[in-house]
């Protein structure tokens, strides 16, 4: 499967915090940066996400802002 | 200024493609990955974005999906 | 590849309108509804999207609003 | 009221999962597909959403990605 | 029609910039602030947006970030 | 720091509702309107948000829809 999603970054899950409706997943990218993802609890459970899971982070280009000093 | 935006990744602009309404900006992260951002043309011009601009990529956690093999 | 993206709907491309930076793609779902997607021009070209392309529409749950009468 | 929101799909609520801050609502579209929506708990309560509620699913075109095999 | 969309702010269109695929619309809120919206060209045309159009700005709560000094 | 984010509106926090994973923050804008923001619990805690906090509301232009009567 190929996605229109421009930003696909490999990483590994470092934590999963689960609420009733939502879950927050922290991922360490292969480049060393940490990414936070907020997805539904269902999604986290369906993918079986846990510390150490190998994942690809997905971000649509229209969701990416930029800042300059 | 501190942002609620969880994902803030330093990088450098590698290209800017400008349309009438929107612009697409490619950024090479310090970790080596390439990120694509779609912002308004006005935003790209106001920030003076061009090849070589030092930027921070911003992504709200609710915009980040995950994939597993 | 399995995605956290909760909403994955099969369909077929009915039109692609391409600008300098962005493209707008209309998709007829198997259920008969029409969906509009705005993605980068690069994404549309990389996926080779054209009238008749078989696609899956992807929408993150946090992007879905609801209305009632 | 007419909306710029390109994607407006009629359906019926099949479940509401409520957390402290957020709620996850599943909707069966008239075309038979199931859609998941993550909205604030306040929004779910204000609209009085419950199993069987008749709703329209709303998705902005810029939030729609595409995948091909 | 009532929307789950938490943020609905009345205003008036001050400019519309139209590209091939997308349009950027600037709106002056009744509170005096200016808001920029990027929607598809189709959406802008279907709503007949032009300088002076009376509109309601719509923003889903999950799309709203916050900053502090 | 200057942001590509087109919409930056000053206000003051009126309430913070915290769940396990997410938080919902209500902000009264200087123009008098109320804005709701859904961010991660981590973000709300990192920024120290509480009733009375002075904040800037941030919304990317691609997240802004419009409605007309």
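For reference, chains read A, B, C, D, E and F in written order, and residue numbers begin at 1 within each chain.
Here is the rule we use: a residue touches a chain if its C-beta (ideal position, glycine included) is under 8 Å from a C-beta of that chain, and two chains touch if they have at least 3 such contacts.
Chain labels with UniProt names: A, B, C, D, E, F = Molybdenum-binding protein.
Only a predicted model underlies this, so the values are computations on that prediction, with no experimental measurement involved.
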{"item": "Selected from A-B, E-F or D-E, interface repeating B-F by over half of its contact pairs", "value": "D-E"}
{"item": "Label of the chain whose CA centroid is most distant from the centroid of subunit A (Molybdenum-binding protein)", "value": "E"}
{"item": "Greatest separation from subunit B (Molybdenum-binding protein) - chain, by CA centre", "value": "D"}
{"item": "Rounded Å distance between subunit C (Molybdenum-binding protein) and subunit D (Molybdenum-binding protein), as computed from the means of their C-alpha atoms", "value": "17"}
{"item": "Approximate Å spacing (C-alpha centroids) for the pair subunit A (Molybdenum-binding protein), subunit C (Molybdenum-binding protein)", "value": "21"}
{"item": "Centre-to-centre distance between subunit F (Molybdenum-binding protein) and subunit C (Molybdenum-binding protein) (centres being mean Cα positions), rounded to whole Å", "value": "29"}
{"item": "Between subunit D (Molybdenum-binding protein) and subunit F (Molybdenum-binding protein), centroid-to-centroid distance (C-alpha), Å", "value": "22"}
{"item": "Subunit D (Molybdenum-binding protein): positions in contact with at least two other chains", "value": "1-6, 19-22, 24, 36-43, 47, 56, 58, 60-63, 65-69"}
{"item": "Arrangement of touching chains [line / ring / star / complete / other]", "value": "other"}
{"item": "Pairwise chain contacts under the document criterion", "value": "A-B, A-C, A-D, A-F, B-C, B-E, B-F, C-D, C-E, D-E, D-F, E-F"}
{"item": "Subunit B (Molybdenum-binding protein)-facing residues of subunit F (Molybdenum-binding protein), complex", "value": "1-6, 37-40, 42-44, 46-47, 56, 58, 60-62"}
{"item": "Subunit B (Molybdenum-binding protein) to subunit A (Molybdenum-binding protein) touching residues, read off their complex", "value": "5-9, 24-25, 27, 29-33, 35-39, 43, 47-49, 53-69"}
{"item": "Subunit F (Molybdenum-binding protein)-touching residues of subunit A (Molybdenum-binding protein), taken from the complex the two chains share", "value": "17-24, 36, 38, 41, 62-63, 65-69"}
{"item": "Contact footprint of subunit A (Molybdenum-binding protein) on subunit F (Molybdenum-binding protein) as seen in their complex", "value": "1-5, 19-22, 40-42, 60, 62"}
